[in-house]
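We just call them A, B, C, D and E in the order they show up, numbering each chain from 1.
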Amino acid sequence: MTKRIGEVILSFTNISLSFGGVNALTRIGFDVKEHEIRAIIGPNGAGKSSMLNVINGVYHPQQGEIVFRGKARRGMNTYESAKSGIARTFQNIALFKGMSVLDNIMTGRNLKMRSNFLLDALYWGPAQREEIAHRKKAEEIIDFLEIQHIRKTPVGRLPYGLQKRVELGRALAAEPAILLLDEPMAGMNVEEKQDMCRFILDVNDQLGTTIVLIEHDMGVVMDISDRVVVLDYGKKIADGTPDEVRANQDVIDAYLGVAH
Amino acid sequence: MNYIKTVLAVLALAAAACSAYAQEQFIPAIDYRVGPYAAGGSGFFGGAIDYMTLVNMNGGINGVKLIWEECETEYNATRGVECYERLKKAHGGMSLVEPLSTGIAYGLLDRVGQDKIPMTTLGYGRSDAADGRVFPYVFPLITSYWSQAAAMIKYLGEKAGGLDKLKGKKIVHLYHDSAFGKEPIPVFEAFAKQLGFELIKIPVAHPGLEQQAQWLQIRQAKPDYVILWGWGVMNATALKSAQRNGFPREKILGVWWAGSEEDVIPAGAAAKGYTTMTFNTPGNYPLLDEIRKKVYGAGKGNLEDKARIGSVYHMRGITAAVLWVEAIRRAQDKFGKGKVMTSEQVRWGFENLNVDDARLKALGAVGMMPTVKTSCLDHEGSGATKVQQWDGAKWKSISPNWLTGDKAMIRKMVEESAAKYAAEKKITPRDCSKEG
Amino acid sequence: MQFFFEVLIAGLLSGVMYSLVALGYVLIYKASGVFNFAQGAMVFFAALTAVGLHDLGLSLWVAVPLTMAVMVVLGLVTERIVLRPLVAQPEITLFMATIGLSFFIEGLAQAIWGANVRGLDLGIDDVPLEWLLDHANMAISQFDLIAAAIAAAMVAALAIFFSKTKIGRALRAVADDHQAALSVGIPLHHVWGVVWAVAGFVALVSGLLWGARNGVQFSLTFLALKALPVLILGGFTSVPGAIVGGLIIGASEKLAEVFLGPYVGGGIDGWFPYVLALLFLLVRPEGLFGEKIIRRI
Amino acid sequence: MFYREAGQFKATYEEDSRIFPIRQDRIVFAFILAFAFLGVPLLASLGIVSNYTFTAILTPFLIFSLAALGLNILTGYAGQLSLGTAAFMAVGAFASYNFMLRIEGMPILVAFMLGGLCAAAVGIVFGLPSLRIRGFYLAAATLATQFFIVWCLTKVGWFTNYSSSGVISAQKIVILGYTFQSSMSKYLFVLAVVSVMALLAKNMVRSNIGRSWMAIRDMDMAAEVIGFRPIRTKLMAFAVSSFYCGVAGALFAYAYLGTVEPEGFNLDLSFRILFMVIIGGAGSILGSFLGAAFIVLLPIYLNVLLNFTEAATGIDLPSGLSSSVELMVFGSLIIFFLIVEPHGLARLWQIGKEKLRLWPFPH
Amino acid sequence: MSVANAAPEVAGLDTFPRLLLHHGRTQGARPATREKDLGIWQTWNWSQVANEVRALACGLAELGFRRGDNLAVIGDNRPRLYWAMAAAQCLGGVAVPLYQDAVAAEMAFVLQDAEIGFAIVEDQEQVDKMLEIKSQCPALGHILYDDPRGLRHYTQAGLQSLEEVMAMGRSHDHNQPEFIDGEISRGEPGDIAVMLYTSGTTGKPKGVCQTHSSFITAAKSGCEFDRLGPADSILSYLPMAWVGDHLFSYAQAMVAGFTINCPESGDTVMTDLREIGPTYYFAPPRVFENLLTTVMIRMEDAGRIKRRMFDYFMAVARRCGAEVLDGRPGVAAIDRFLYAAGDLLVYGPLRNVLGMSRIRVAYTAGAAIGPDLFRFYRSIGVNLKQLYGSTETCAAVCLQPDGEIKFDSVGKPAPGVEVRIAENGEVLVKGKMLLKEYYKRPADTAEAIDAEGYFHTGDAGFFDEDGHLKIIDRAKDVGKTAGGAMFAPNYIENKLKFFSFIKEAVAFGHGREMVCAFINIDMGAVGNWAERRSISYSGYTDLAQKKPVYELIRECIEKANAELAQDPMLCPSQVHRFLILHKELDPDDDELTRTRKVRRAFVAEKYAVLIEALYSDNDSQFIETQVKFEDGRSGMVSADLAIMDARVFPAQAQRKAA
């Protein structure tokens, strides 16, 4: 089983972000290569989520440079980020509660849809054809994530673990180049975690999606990531393969510090 | 009253479409007894029902009894239309309709034409409906807004010592910012041009709970007179605001919808000296006594508070009912005494009303209302008004005679406006010379 | 310039009156997250009850406390029958329920007291202050000044109530965090009941003042429309916001009507406060003193 | 209970994404439509359904349903609370009137469309604040629309063709030389318009545009992150919603009242329509109809019922009191329904349907 | 059904590939196979299926699959797996379906035994199993999979996706279109078509070789018997390796040309059943039983009015439902009316929610079905019937004809089948549908089929006066008590299992003074029962030992005893003492077969201690048992089991005599 890790597609240099004087991120720099699983770990409050928010344009760093596919960007907003192929999930599930699983996943396809509201209103010809073409894609994702049985269930009624899976599905529906996962395994039991790991690996493996994930649980991350960045108090303290990171004294200190 | 109402309700529900009421003439009471205008609604329809009760007690119209049914509209056009449609065919069909609401009247405007049911709009509604050629089924009886506006100018002129004395004077038109308040503006503007006074128009947004800004403007402008064209809470507020800004109430002349007890009582002492237009002369009349004695004496009165007998709205309701009954009577004269008139026949009655002093005397209402004589051309039939003043406890008439404004001018405006409406709606006006 | 000040002062004074009404909304919204549309109806009901009792021959000194008691009962019953079964429902549902409640209260008021309009004389003459009229040619009503004073006293009383009494502090805790309040053992329903009762009291005071000003009649329910822009501007949850918002709205609406109105045909004080509040919101979406809404993801 | 779904499987996505995937629903719906279009007129010709039913109940019910549908798109689907519905209706009515008046030979349906488009344009302008304001602040802000529009229509004489009364008198509805004059023909006209527009609305809410609205409603941040543009989505909701309200307003003037004043489109009306949405069920096309039926019919039946009770029991309440009691009962019923089912009649219907589908099992 | 819905009567259709081609030609546009996939029922019509099978067959041929080769088919019911069987048969090969839930080691035996060279499997899970045992099965050269998910990085030799093979086949077919037709024409009806491994209650599985002819005969008689035709449809959800599924979903579908429907997954069978609403349905009694239990449990939660309505109409159905279904005269008008009302309010909706609205014929077999259970389905209008057969007889020995339904018989011999009762009571069968042989086991074959051509079923039974066959037990299990009375453990156990609270029972009594039994309670039913009585429990073991539960079970046993007492033959078989086992009998612990039959000997040995305790005076006994968990780990379960006496009844006949 060999992985085809490619070139760097996303890199950060000197990223600093602060909120009203509080530094969330201080001069962070690392890169993400195509097709790899890149983890960002760190104790609570280390700035992991901020980092993710910087990547998909929710936050705009005060300093630093982001290069995505060879193009420098800083002020990219969330829409542009989505358009350029970055999809994400959220730490606290951000599904559309009033909609069914299928509809949630269909929303993920919105950027690929061309039809306008007038055609939608007629639900005829190109609009219907498009809707059905996308439905098929959505169904493939449903199949992939093994959530056939809840296809038409409103997401609000699903248990937590399944909601997380649906959220992953919604992100996948966008066929992203980079998938950002914000604590995909938070709050799950062992079995659900295993399932989620399997899905993440499958996504990476079968769709070739580059994955950047944040996780609190170090064990899981080390098993599935290719490279790991460790943040603590908004600063990068380590970067490397799981084995390298595991051996890093700063990391051990940081985690032990949290454990106390 | 209780018995009648009960019976009517049962009958209405049991067999609304039945035509077993051969000897009864049906008049609906599309009224409003809750909400911001409930006081007016209950007074007006109370008066009308009281009079109709009296007519029935006196043996009906040549033996034909009147019946009526109430329907609550909450002063809401949609519900008013619903009431109209619901009662249209009830009890053998309605003879006429009086919505006492501008909004509902507009909602019924087209419908009454189609259903051939005469609609009276006593002192409100479209002024141009006085042109019976274009509006055959609408009767703005006694006076329309335009006639009233003309009368107001005439009164203010008299007060100033002659119409020519109005030249150079300042008159504020303080109005409810709606179709109602805007209606007289063309008339005032025409007079301002003709008589050379300055007209200052100050609108008050609905509902008019707060008028400090307007009254400061008035204080700033220092007008000679303020015409208060208000409705509902706006009137009391205006009087209070006038007081707090030191503007004498004697110089305020209200429209008749600003001239009831309900408009001045909330203002308390601030209302004292305030003058308004009216088409009833305040006071007591044999007719009122008869109602007190016969109707209330028998416990069949519609008003909960007997003190309101003879109040402005009550008297106005009686006046309306008098005209309805007279129209039916007139129709019976032509189409057969003691028969129930169709609405079409009642319409003819309205178009050929002639309530002269003799008739009023017979009714015991001389002076209570002006004489009314209608025709195909003139659905208003009078145009005469009076001015009354609040003395702190009751209204007193301060114009000994019935006032009428510049009739010719108003008539010209009515015809122009009606013609425009006819053109817009593609209506061919009737030829009155061919009407019987 | 003198006229400008006259308008300004008049506006500020009316603003106080608006604040008084707005206060009732703020109290309930703050404590229970309910936008109580029925506050207008409560004002009407309170004023009508007081006047109705007065007209029955009771002196105001008896009628007002009696009305107060009625308002407390109304508040408690509302909490029990309407709000408690709807707890944890979406805001909009609660809002709609309070509209239903306002229909009920309006119907109840008229069923008990009839639809007739009534005057109310609190014994304060609503006439311009002679001295000012003579010396500055400014017509400032003494009633307005007294009403403003009463409103100020009320705010002060509420402030003391909130900060010094146990129930007041509980109320603030509830406003800050329902969960936290529950966990420290404050009976939520109890607090809500009190809030509704206090709101009833506020309704009574504003009902009396407005009733004395414009007469006691159904149109008092329209006061809600005057209070709304104040709330938007000041923030739904802030007592100082209601005061400052009221002053701003009162003043600006008068100034706009007087100085701007004539250019556009007048009658703009119906919508001007709303547009003003709207524009303000565009700058500060949570209102003047409202809590900043933090969007977390 | 009456559902026999076994064997109704879907072999294509077309079948699966139909509006009524269950055959029994299709049959019932077809029956309702047939009844509305053919049955009711037939009953009328037999004299069973009276003119009153057409003009005072069915026509306003349909028109209010359309307005509620419009508001439901905005509030129920896109989650933007609005209290300015009546204003958009007013724009539709007055704009249609002016198009008819000022352009010779203007077909009425086109005038309605243009009226709706004007409303949509106004909707977009007044929807702009929604980009920054949310919840009740937005609701209160939309009141600005309500008051401002009505003020404008009152103030600017041009809109009412300088009518001295400030009212407009709707022209006759003429299509291809046929004049919709009778109450039944007006009913059918309204029914056709409402049916088509309801279908279009249903199509919208089940396709991408509808999903974008619901996404913004449920979780705006996430919606943005997956590529929905909030500006576009919200304004689109305002535009479409206002379009519907505008057409409803035009129908209100043309097929119902005939002559309307700007005051007719007051805040009261906005509230009534909001009621329809909430009582009927936010986020449900069916709910708009159920809500409209509830709000239109309830007061009428209360009135009739109260009269009847008075008659039956022999207790004669004073007229004022019975009106007040009516209001109290109305208010109480609203509270009652909100407590029983805060998600509206549509949810109740949904639950009932689920129960029938699962019958005899409990839900 | 319409005239169109009749099985084709064309000569020469004597092998499955020929039948397939025939359907492809004559009713090419009609649906043949459906599969719930990607949210909808993907549908293939007969001509598409014929093409797919051609492609697959050509592909297999390309890979070297030859006449007489065996093709293993492993997986859930998937269209392509069914097609694979047909493809193998086109080439004159033999399809060998395996139980998909078997562990790798179990599969290894079959693969070795059948010298499998080609395996067509469903997915990664099965591929992994194949790879695991590949070293033990040197012949296994090709593993073809249907679902490529997760298999991207598998680089093992011989591993290929079906997709590829079919693509290969298509070009092969394109180049040599006559090849496959030639292969098909070389097929003989007497060729072995399929080899089904019997799980066997003892010993290693045996491969039962069935020819085209035998299965087609069996299928045809069934189709004619129940007038099955192209318009019918069936849900294929039972293991493909099981003879029943092969008969219904493959043989009969091929013969009658009806549609088979493959569910989305094992979890969604009930939903899929409801969606498809098949007209023809097969399920083992266990499934019907579970369904009924679900119905009853769900009705417990219903409101009072609804429950009373349900109970009332179910009583009506019990009274006259079966008669109405059979169209028998003598049902009172009022009952007919009530039944019609019940059909509107209860039975119709119930059939609908169970997915049985459209069922014309439903069969059950494989184990005895409780009369109550049987009556329930018939009374609500589901035409449920029993049949009798085994792997060796293509599951087609006896069928219940419409209108002649008896709850305790398995019906009359199918057309063309001869049935005889041997002296020892064993049922002997002869007919075209008999197996050809046990694969590579001539001795076993000779033992099973006697010189006269009768197959010894191993079941004990007898014909009743109407010519209906009644099966009592396995012939070898029928024993004698110490008192010399006949002891048919299965019969007793089944009686007990008819109670919804009892899931499994094992009766002992051979050579003993009295009959005693082990009981497994039904977790769902008893759990629900306990919850409603607010008896709290932590799990099966805990619940099983609750005093009220024992009392509950005792009542059930006493009811069964009372029934047994009715029959003089069986009266001595009443259960005197029983205990409730502390764990559920489990195939993973080898206590049950994969088809969930009790391995009597194994259980007797494993729980010898308990048996001794039953026959002693003890009222409790300690036991510790090793169990295997689902994830493969094992652990110990121990408990102190109570033993309870049950009342026995005097024999009816004796009482009468006395």
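Operating definition for what follows: a contact is a pair of C-beta atoms (placed from the backbone, for glycine too) under 8 Å apart; a residue touches a chain by one contact, two chains touch by 3 or more.
Keep in mind that this is a model prediction, so the values were computed, not measured.
Shared contact partners of subunit B and subunit D, listed by label: C. Relative to the centroid of all protein Cα atoms, the closest per-chain Cα centroid is that of D.
By count of C-beta pairs in contact, A-D exceeds the other of the chain pairs A-D and A-E. Among the remaining chains, the Cα-based centre furthest from that of subunit B is the centre of E.
Measuring from the averaged C-alpha position of subunit C to that of subunit D gives a distance of 32 Å. Distance from the subunit A centre to the subunit C centre is 49 Å, each centre being the mean of its Cα atoms. Distance between chain centres (mean CA atoms), subunit D to subunit E: 56 Å.
With centres defined as mean CA coordinates, subunit B is found 73 Å away from subunit A. Among the residues of subunit B, those in touch with two or more other chains are 33-34, 38, 42, 177, 205-206, 304.
The multi-chain contact residues of subunit C, meaning those touching 2 or more other chains, are 106-107, 110, 114-115, 225, 265, 267-268, 270-271, 297. Residue positions of subunit A touching 2 or more other chains: 58, 90, 94, 135-136.
For subunit D in complex with subunit A, the residues that touch the partner chain are 13-14, 17, 200-201, 203-204, 206-212, 214-215, 217-219, 221-229, 236, 240, 283. Those residues of subunit A that touch subunit D in the shared complex are 56, 58, 78-79, 81-83, 87-88, 90, 94-99, 103, 106-108, 110-111, 113, 115, 117, 120-123, 127-128, 131-132, 135-136, 170-171, 174. Of all residues in subunit C, only 35, 81-82, 85-86, 89-93, 95-97, 99-108, 110-111, 114-115, 225, 228-229, 231-232, 236, 264-265, 267-268, 270-271, 274-275, 277-278, 281-282, 285-287, 293, 295, 297 touch subunit D in the complex they form. The touching residues of subunit E, when paired with subunit A in their complex, are 37-40, 149-150, 152-153, 264-265, 267-268, 271. For subunit D in complex with subunit E, the residues that touch the partner chain are 1, 3-13, 15-16, 358-362.
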